[in-house]
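Below are structures written as structure tokens.
Next come two complexes built around chain A: one with chain B, the other with chain C.
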Partner chain A sequence: MKKFCTPIEHVSRRAFLKGTFGTVTGGLLMNWGGLWHAAENVKNERKHCILLWMNGGVSQFETFDMKPGRPTGGLFRPIQTNVTGIQICELMPNIARQMDKLAVIRSMHTSQIDHPGGIHLMHTGYAATANIRYPEIGAIMAKYLGKEESDLPDFIKISSQGNSGAGYLGPKYQPFNLDHSGNLPPFSLSRLDPQDELRRHELRQFVEGEFAKKHKVETARMHQEAYEGVRRLQRAKAVFDIEDEWEKYRDRYGDSKFGKRCLLARRLIESGVAFVEVGQSSYDTHADNFTGHKGLLPPMEQAWAALLVDLEERGLLQSTLVVWMGEIGRTPRINNRSGRDHYVRAWSTALAGAGIKGGQVYGATDKDGIDVKDNPVTEGDFFATIYKAVGINPKKEHYQGIRPIPIAPFGSKVVDELLRS
Partner chain B sequence: MRIPTCLFTAVLSVLFAAVSSGADVALRDVIDQEIRSVWQHEELTPPGPADDAAFLRRVYLDLIGIIPSYEETLAFLNDQTKDKRARLIDRLLAHPRFGVHQADVWDLVLFGRIPASNEARTRDGFKRWLVQQFNDNVPYDQWARAILKAEGNTVDQGAPMYLVQYERNPEAATIAITQTFLGVQLQCAQCHDHPFDHWKQTDFYGMAAFLVRLRAVSVGKKGRETKWVVAEHSSGEIMFTGPAADQEPGKKGKPIPPRFLDGSELVEPPLPKDFKEPRNFPSGKMPPKPRFSRKNKLAEWITARDNPYFAKAVANRIWGQFFGRGLVHPVDNLSQNNPSPFSGLLQKTADALRKHNFDLKWYIRELCNTQTYQLACAGPVTEAKPRWFERARVRPLSAEELLESWRLATGYDNVARRAGKKQPDGRFYGVTWGYMLRFFGQPDNGVGDFQGGLSEHLYLNNGELSQLITRESGGLYDAILKSTDPWSKRVERLFLSILNRYPTPAEQKKFVSFLTADDRQSDRLADAIWVLMTCSEFRFNH
Partner chain C sequence: MPAFQPNKVQLLCDLTFEGAWPTTVAFLGSSRRLAAGNRDGQLFIWELPDKQTKEPPPPVRFLQGHTNGITRLRATRDGKTLVSSSLDRSVRLWDTTAPTTGSTEVVLDMKTREQEARRQRKPEIVTKPGVKVATQTAAHVFQVHQNWVQALDLSGDEKRLITGDDNGMTIVWDLASRKEIARWTGYPGNWITSAALTSDGQTAFVAEFCSRRGDFDRPPAQARIYDASTGKEKLDILKVQFPNVKKRDNSYGYATTWGKFVARGFVAADFSPDDNILAVGQGGETGTGKVHLLDSRTGKLIRSVSGHQYGVTDVQFSADGQFVLSAGRDTSIRICRVSDGKEIAKLGKERGGQFKDWFHAVDVSPDQQCVAAADIAGQVRVWRLG
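This part shows the complex of A and B:
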């Protein structure tokens, strides 16, 4: 494919900044925001991933696997989507109009039924064990899709769960956690006057330089690179402040906290971040399942649909995989508190964007949604498919001591039908 | 080029054999000779010995887990006697902090930052006990046996905590015990016969059978600590159902009798016919002893003098602690499928350690007195842990070492002492210990694999370090600012206090001009201290 590029693409961003703004000592002034943004606005073939995490376990019956007229069907009605023959829940009218982008899996069949176990499982692809700390999907994506000299961390979570972090991949791939309003983690902000910081930085650079003359060791280099990464982050922090853009996008994403998080996720992806996880609580509707979903789904699905459209308009959807899931599904049986309990025998997830063939439903459950009827997808198959979609070999092995651990569990199958060939 | 080298090595090894067959060659000399011959074979030219300052900081951190003070640094650098390094090593081995630091290292080996179960999250009793073992120089086989026999409770005795964390988890216990105490990697054989080692699944379950009857029982409290004891049933078997790939729901499996890794089966007396197993051990009550303890038999077999793995595993692990990598690496994989050019040397060190009745202070003294340990950290090699030990290794300071060293450097504790303030309980105050663990808690594997991460620098740049750079009387900051010495002298003191060495002329010049550039000396001084506390030279032991 022929590509047109602006001159700026031919100059590495750092070289560009250094050439323009470097001082005599090689230090950089901080807090001049804005400028980096234009430079980073380069579309490339590097893949990204956004995980929309429905914490507590969203119900498949109130979203993608409707059973109208059945005892397990619940209160809501199905509506037509923009793909002929596919119906989803009436609580998701915006998503219904983006169905052509989505691949829905109605045949999830997983192994962990409680929250901590499910959260671990659906963040890593593995059940938790005492001896091995598995990395989350975000850490794997950061390792394989991230770039070394980025201004921003490559594994960012906004108000989300996940209990294993980088696991055996180590501190380099730990998540950078933003809170429910998108605020930065503790100690992210420098309180120093920029001039003072620059002065201190120069002295530190001198000391590091003297050490490096005598010690050529790689660990000192890595330590110094991470320090420089933090200074770049200070420069890039404007990306986390969405207020200027929020005015313009509020109506599209919906005036909700989840909407803001999704807009922030789009900005981060646009700025080159490899992986962003956006969380929404709390779907654990053991009681009042229907009121619960009626409250939670509309703001979520509006923001999700807006995110897909926004990414598409910016040409980022083809390089950004958007995953939607919770840690478990919910029971077909409606309990005596109008609730649905935990269920992992048959439930639903959805994928869109990079590598995904949209406009389809994969797998099916029986007439009451009790068991998977066609094409079961295990957690391992699901993760193998996700990794394949962004170009990561799911069979690649990491070593824990002497033990090889594949990225997706041994024996997992990529579901090729979900992928664009 | 190669042939003469080989010849030379051959001659050397003949010479060496002659030397080592002599009765009383010190282990330190055996090590240096053998390592040197490998260098010659590999055509390596290591740097010379570390200078006094580099050696001083290295050995303080390695033996007692903290940098030397300003006064200790000056005293050592000014000492003109020839044997000052050996005497310093002896002094540090006798230091009460020796046990404290070694216990920090081994506690992480045994529990990690996140232990296998919540019961072991706080384990003050275990740590107190472990400090004591090192400071009393209890032979390693004895205290390892105490850990595995787990007698008494976790508060008054301490040792049982290791097994408490593996309660009702014989598989995890099997993996951890064989790896830690024997350098054997059995974990693959949990689910299938080992693909490239000779271990079978039945070897794994034969070992797990020793541990399947263990339970943790709480028998009371002392202050805020819960007293746990390890109870053992007299019956109960581990069930083996074949390879994991062939598992089906509801498959029962067959019991596997306890069998040691060398293939010998445990001979067990039969239970009396009328024996009735208690269903559980009620908490609050001391559980009865089992009729026959499988666990104790395992502990005795593991720690026996003639166990083929035990001495090598500990000799190799401690070697790794001081040299960055094991003679066989990783330190806990002594498999025949993991060959090493140093396996002969490991055998010799292990034999010597056994001959010295597992006297760890003796062993550590020998290691620290080698020329190999005392090499400079210089040269073209960029690896943090040089493969041929041809340069000192570089390891990150642990969270414990960092915080206590920072406080010592800035005089934080001095200030409090002078003001008559009571120190907070424990060792980890001054900043939030939870943050220290979060940002500096890894690696916890005892050899120190460093990985850069943004978050540690966010903390260093914008976090709580300013709390440690105390400006009160008795601290470094105050001493420098109030001093009437010329600034060049004051910069010397800064370097000696924080990096434990004199500044180079270039550093002296740079710092003097930084500190005297304007009238904001007080801010500049805090910046200069911060720079020395956060730079790579401080962050690592080299």
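This part shows the complex of A and C:
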């Protein structure tokens, strides 16, 4: 029996209620976008985004901004990429072969040096404040790139760490979280017999309907929509089961959990999901930075390169932005634990796919990687560029009361050099 | 040979080796000659003084060739042959008596100079000439490994060499012919973190580890004894220790069941001179790194000794096999009696903040008179015993 329903099989299905839903027990709310549409349409329609999140703060010295021969350089050596003149770390040979697709930013200069602050900052573009709950990039993209009345959520996280959620956009755009292996959360899977499930659903609908007649409250509506969303997910859940494809793609993506997550991300994008975040943890290498990166980077970069190739082969790369980043960089100085600590004065990120001009390095740091030498990019600039790449106006404002809040912070500049003209 | 006497210890000298971390050290033939390498791939030989001195001698030879960190050094007992393994993926064989090929100027006290220049406000101190050192190149380069070579050992009869890399490849070499005797691989993706040969070179211990931290469905650590001539497995030590753990257990299983035994991998190993005991050191940054003494025939744990806060970096038996020395991430060398595990002496003093500086490696001179440690602060510390 075929496990995976292709997106085209869902085209004619009737759309259910748009919007949000929460779990029965805890109010966990997810976003839902449009009708699950055909892969061909995905290619031609609005943009998508995959965020590869290197939790803990991946080292720029062990990836894209090497300083060989300098005291800060560390133990790895640079290798040539498929773009003349651009070298990256030897730990990333597969990415080196895809460098023509990448725009590397070596001049990130951000403001939050600890993990919670950095995670918030690099998921929202804003430093956390007490009075405004900023939405994550995934929520923004779900709002502007999501499809109405989908069987699938438009903001999905696989083993990732963002801590802000939908913020002021409201629960409709909350992330839908999968676990480390890409499994659906237990609440989304019914263990009841389908007939029992249907009877229960009808009974719940009746009770909720009666309640809603008497109480015109938003929470009741959200609760009802949440249930509808979960019921729709039952029809689409086959897309989360990658086992039928894994045999074929294991060698390409690498036999790792991160590889599986990336393959699942591709399937979700292909099925019309607007934003998928894929996480890999343990980059906080205050101790044993080199062995830490030696263990973490090879499976990550193999899966990342495979994802780029896979998306390209399916004609999806031109419509899918792939963002690679962590929340912070790591210090030039190597401490007495053979580690590197937190650093945000000069570090690296990378972009590929939709709207991005690949095969380039933007910005530069000084000889020891201590400061940005050319073309600093702030968090605001970075997010403004990302939003523009996927066709979202970074200056568009949302309102908290009467206060306008642009999607990217005031004063942010789009780095046009990174974008295809 | 004089007895190993750890009861009376006196610091002989601190050899200046600033710059990248000194990572490894080996005496050459006696307690008067010593080689040490660092994380930049620099490898020097020093002639040691007779008496205690505060004025360290400069190196007498610069062994040129490595282009990345040196991980281990092993020398024959006569000190004529030195073997070095490196992160540059090569293993180099040096004839330490060969004629030198030239000379070069080296500066091994740059950190001190910079401090002095700041203190005295005399920037010219930094640019003062260095010392002239004779240079030589390797007698042979084993250029077979395709990844970092972190494991190296020489058999007791000095006929065989074992090397292990971060592709999981182990190779046993015939030292005289420089040809391979056997090679085998461990779990894909695992690194060979330590290897040791018995005195006759017929049996090998190999440890694997990889910092994958829960991201794979494969065991990140292994510790096995092999027939060194064929690469055939003779004993799975983790299976002996944990008979109920599945062979292909995942990293979660490792974390919960193997973690206390393996810690962050066995980074150092040595067979006792009679081959009956295998000492392995728990490395990586861990709570307290222990040295396990294992029965080399059964794999059973005899006892755990020593205990370096944050991890062990190196392990070596004394020539009489009565003591085991370990270096660690707590700026110390610990000397323990094998028979009862009692710590007899501790060399060095904790230095650093919350986390201490490391002694990266230890070696005992063939005449049992001296102990040396590679100190990441930029020196090689040499103590005289007895």
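In this section, the second predicted complex is superposed on the first by the 342 of 421 C-alpha atoms of A that agree within 3 Å, B and C clash if a C-alpha of one lies under 4 Å from a C-alpha of the other, contacts with A are read in each partner's own complex, and residues count from 1 in each chain.
Rule of thumb we're sticking to: a contact is a pair of C-beta atoms (placed from the backbone, for glycine too) under 8 Å apart; a residue touches a chain by one contact, two chains touch by 3 or more.
Not measured: the values here are computed from a predicted model.
Set against each other, chain B and chain C touch different numbers of residues in chain A, with B touching more. In the superposed model, A:222 lies in contact with chain B only, and not with chain C.
Of the two partner chains placed by superposition, only chain C is touched by A:257; chain B is not.
Look at A:84: by the touch rule set out above, it reaches neither chain B nor chain C. By the document's definition of touching, of the two partners only chain B reaches A:214; chain C does not. Of the two partner chains, neither chain B nor chain C is touched by A:421. Using the contact criterion defined above for the overlaid structures, shared-chain residue A:296 touches chain C, although it does not reach chain B. Every residue of chain A that touches chain B in the complex is listed here, in rising order: 129-131, 133, 153, 170-172, 174, 176, 185-191, 196, 199-200, 203-204, 206-208, 210-212, 214-227, 229-230, 233, 401-403, 411. For chain C in complex with chain A, the touching residues are 20, 39, 68-69, 87, 148, 166, 189, 191, 210-217, 264, 284-285, 310, 329, 352, 355-358, 376. Residue ranges on chain A touching chain C, taken from their complex, read 71, 75, 77, 180, 255-258, 280-282, 287-288, 291-292, 294-296, 298-299, 335-338. Residues of chain B that touch chain A in their complex: 114, 116-117, 166, 169, 172, 175-176, 179, 185, 187-188, 245, 330, 332-333, 335, 338, 377-384, 394, 396, 435, 442-443, 449-463, 504, 506-507, 510-511, 514, 523, 527-528, 530-532, 534-537, 539-540, 542.
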